[in-house]
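These are the structures in question, set out in turn.
Two complexes follow with chain A in common, the first pairing it with chain B and the second with chain C.
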Partner chain A sequence: MTAPGQAREARFDARGLVELDERVPNVAEIEGGRARFDARDLTTRQINLELRRLIYGEGIADVVVANPGARHSLGVGILARCRIAFEGSLGYFACGMIDGPEVTIFGRVGWSACENMMSGTVLIEGNAGSLTGAAIRGGDLVVKGSVGARTGIDQKGGTILTLGNAGSMTGFMMQRGRQIICGDAGPGLGDSMYDGVIYVAGKVKSLGIDCVPGEWTDADSELIERKFSIYELGTPPRFEKFVCGKKLYNYDSLEPSERRIVL
Partner chain B sequence: MCGIAGIIYRNGDGAHRIGRDLTRMLQSMKHRGPDSTGYALYTVPREELILRVKLADSHDLDDIDAAEDIRRRRRQAEARIRAAGARIVSSEDINPYTFAATLDYAGDLKRLADHVESVPRAEVLSLGHALEIVKDLGDAGTVARSYGLDGYMGSHGIGHVRMATESDVDISNAHPYWAYPFSDVAVVHNGQLTNYHHWRRRLEAAGHRFASDCDSEIIAVYLAERMSQGDSLEAAMVRSLEELDGVFTYICVTEDALGVAKDELAAKPLVLYEGDDMIALASEEMAIRTVIDREIETYDPYESQVMVWKR
Partner chain C sequence: MSATGHHLPAEPEKIVSIDAEYLAGRRFPYQEDISLVEHVDLMAATPGQDLNWLEDVTLLEEEGTPAVFDRYSNSFVKIYFPIPDGREDEIARKVLIKHLQSGNSYGIALKERHCKFPQPQLGPWVTGSKTVGTDWRPSVLEGWEPPAH
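After this line comes the complex of A and B, so read on.
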């Protein structure tokens, strides 16, 4: 067992990269379609390899990872319907590029969690760092704590639901999808957004360029109530809706190739 | 990229293994900056002044006359210290090119520092009643071993692992920066300052010297200058958000306080843990977890936030 703070002897491969390609550790206890393993003494690469072995190799749909130790890049690129629980905080780039899994993180995450997620759900019990849900295309990302700056930057779909506050430039350049923020939002909300919707229940410090209040419809209420009931979050507070003003970009201008076809 | 870290214990008895803990934190963030590692460590304030001086860089040791040159500079530096009116209570070689001295001196610190630095290649790393700055090339493990930091006991400290972007890779350009010529103030910084030349010209015109070409040194001198004008650490840091331009998360430490500031875009990371007995902060939670081996509640301060804790 590695004592806290005791540095693992670093190894470098010919490319100068730390950690040689590791072998699958095969340490999980598998019982009745469920698997669980302790990540305390494993490297990042070993944890991910063990996860992949269980999900793809053994076909197990319910995996618990104990002691992730706030390490970066865990649970990345999982492309299968399954359930993964991390019993502790994760570092940067947690669960990036996933397509399908239902992930629960009993802790917090660092920067850039769920980057480019395609589908599935990620439930984070604690806080999240900046750039959470960057460029996500689908699925639900639920943060029970607060999120950092530039949440949902370049968001292209899916829903980001935050029970706490959000930092500056939330929804920066978002193109589609929804953000539901139950707390306050920092300055520059929805700056340069192309499309999509941001709902904020608390105070908005300032709106970003071309982000304007939107008209509330029944579909908005229905969406928020549905998300709150799925994740058992109680009665939703009253939200304000913000959308793109469509003034910043000239949406009528055509690409040269399009012009030839239309005109 | 760079990585920064800090620890402050709420009870300032100075009986904490700051050296070992910061080494663990910095070593775990080696991937954020392998060029150099630095520490600003604080003990219980003493009557005497603690002076740390570097006389050369590690690569100078390959020169044929290096040892003799360094011995000569050391003799000259001690002579200049006495000439400035200070009494050398004790002095020791920290490594072949760095020495530390405790001094009996009540005069102007600028005069003392300038006297020492009038010796060619000599640079005052730190000067104060509680502060000791240690910085050198290599990762935290290497620097800690070379300077014997494992047993260092103190009340608070900060550290930095550097990935050089703006200036050279040598000891002068490594963090932390002592806020010449102000006692016991040091800064580590992750980010870039875009109005560096503007502030450097202003502060040089006000009589301050800069030991490096690194933009981060501005922050240390800027804050110390504001505090010498009567600002509290917190007030100086809040003002810096307006007057320093660029992206930054920096940590500033004084004899009895540790403060952190983030720019208005929150462009650079910082994770914060506030416990009953101590506060630990770092660019990545992984670093904090090397000194607190359990699940903890942490959060990231928001944009334009300034937070200060006293020991």
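After this line comes the complex of A and C, so read on.
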């Protein structure tokens, strides 16, 4: 509380942080190379600071976060090999921009989970919102429930595996990587995709612009069987494959080196 | 333009195809010697039970030379040694992992100078690398002072 006539100190963080409290809570119990902490009474930043302290500072490779309380932006930007388990649901932008962690979320997640993920694995036991795996560049993202609209929008690599259904415009502007959808897919599947592969076991409401059925190869079977085996998902159903029809390709203005990357 | 010789500054040099050598100013030994990458364990270098993100990494070509793309610095790492038939993608991945684990990717050099939040310098590629970004301060334009209000 500022006293009358006293100038109020303005605080801000040039990095754009909203929550300015930078105190690391130091609440985790560490035993045998594993750590566990209860996030019930912690703020979003405190939870992330505690995660970083444990993983970067203490070198703990196995962390359990209890009661995450569906807070947003948890587990973002973790750039190290480790295992993280969230015992509960997370809000939006969960585990974005990660590079290396193997994450399990025992609950649901909001929109944009694992956006810009570079590598690692994320296993979500429940449903995920729209924009799941937006701009993902690598790694495996496995959703045991259903996913919302525009899952894998601008996907540039990696694999998104959904056991349930996928919403509309899934794979919108996809550029690389793989999506495996075991349920149904909403309208506009793969709209404006440049490249990559989408496998669907259920019904497709409608295909998006320039998304066409693809020819099945042994490599497709190997990929799906491998991913199902790794994540112990049982026998894979029969899938149909969809790829880019390349009717929208217009690369004349690109430099040769850019063209090689895209193609 | 007067005839007394006032010249506009020259246009900055524009580099179309950036490769790792250009960014670093030197070539790295593992670009020329296959024996320096043969031992790289790709499975150990990536999370999960398969190649994970390396599955999307393949051998490409840059300016007529075999190369692998380093997504962490948006540049190509050219490969100058002969690549055995049938091992193109494997060798490309090994060169890339060696490049990242050695700390030679230009993105890693930028981390030391510019990253805003604490993070391991060598990311997920090397366990226990030093933490950088613990003391980031916004850059200040020389001669600039904050307004008095």
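Methods note: the second predicted complex is superposed on the first by the 231 of 263 C-alpha atoms of A that agree within 3 Å, B and C clash if a C-alpha of one lies under 4 Å from a C-alpha of the other, contacts with A are read in each partner's own complex, and residues count from 1 in each chain.
Everything that follows uses one rule, which is that contacts are C-beta pairs under 8 Å (C-beta built on N, C-alpha and C of every residue); 3 or more make two chains touch, one makes a residue touch a chain.
If you're wondering where the values come from, they're calculated on a predicted model, not measured in any experiment.
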item	value
Partner chain in contact with A:R176 - chain B first, chain C second, else both or neither	second
Contacts of A:R71 with chain B and chain C, given as first, second, both or neither	first
Which superposed partner A:R108 touches (first chain B, second chain C, both, neither)	first
Partner chain in contact with A:G186 - chain B first, chain C second, else both or neither	first
First, second, both or neither for A:A149, with chain B first and chain C second	first
Which of chain B and chain C A:S89 touches, first, second, both or neither	first
Partner chain in contact with A:N127 - chain B first, chain C second, else both or neither	first
Intersection of chain A interface sets (partners chain B, chain C)	none
Complex contacts: residues of chain B adjacent to chain A	20-21, 24, 27-28, 30-31, 141, 264-267, 269, 271, 284-286, 288-293, 295-300, 302-303
Complex contacts: residues of chain A adjacent to chain B	4-5, 7, 10, 18, 69-72, 88-89, 91-92, 106-108, 110-111, 126-127, 129-130, 145-146, 148-149, 165, 167-169, 186-187
Touching residues on chain C, where the partner in the complex is chain A	16-17, 46-50, 52-56, 60-62, 69, 71, 76, 116-120, 123-124, 127-128, 131, 136, 138
Partner chain C, residues of chain A touching it in the complex	14-15, 52, 56-57, 59, 77, 79-81, 99-102, 118-121, 137-140, 157-159, 176-177, 226, 230, 255-257, 260-261
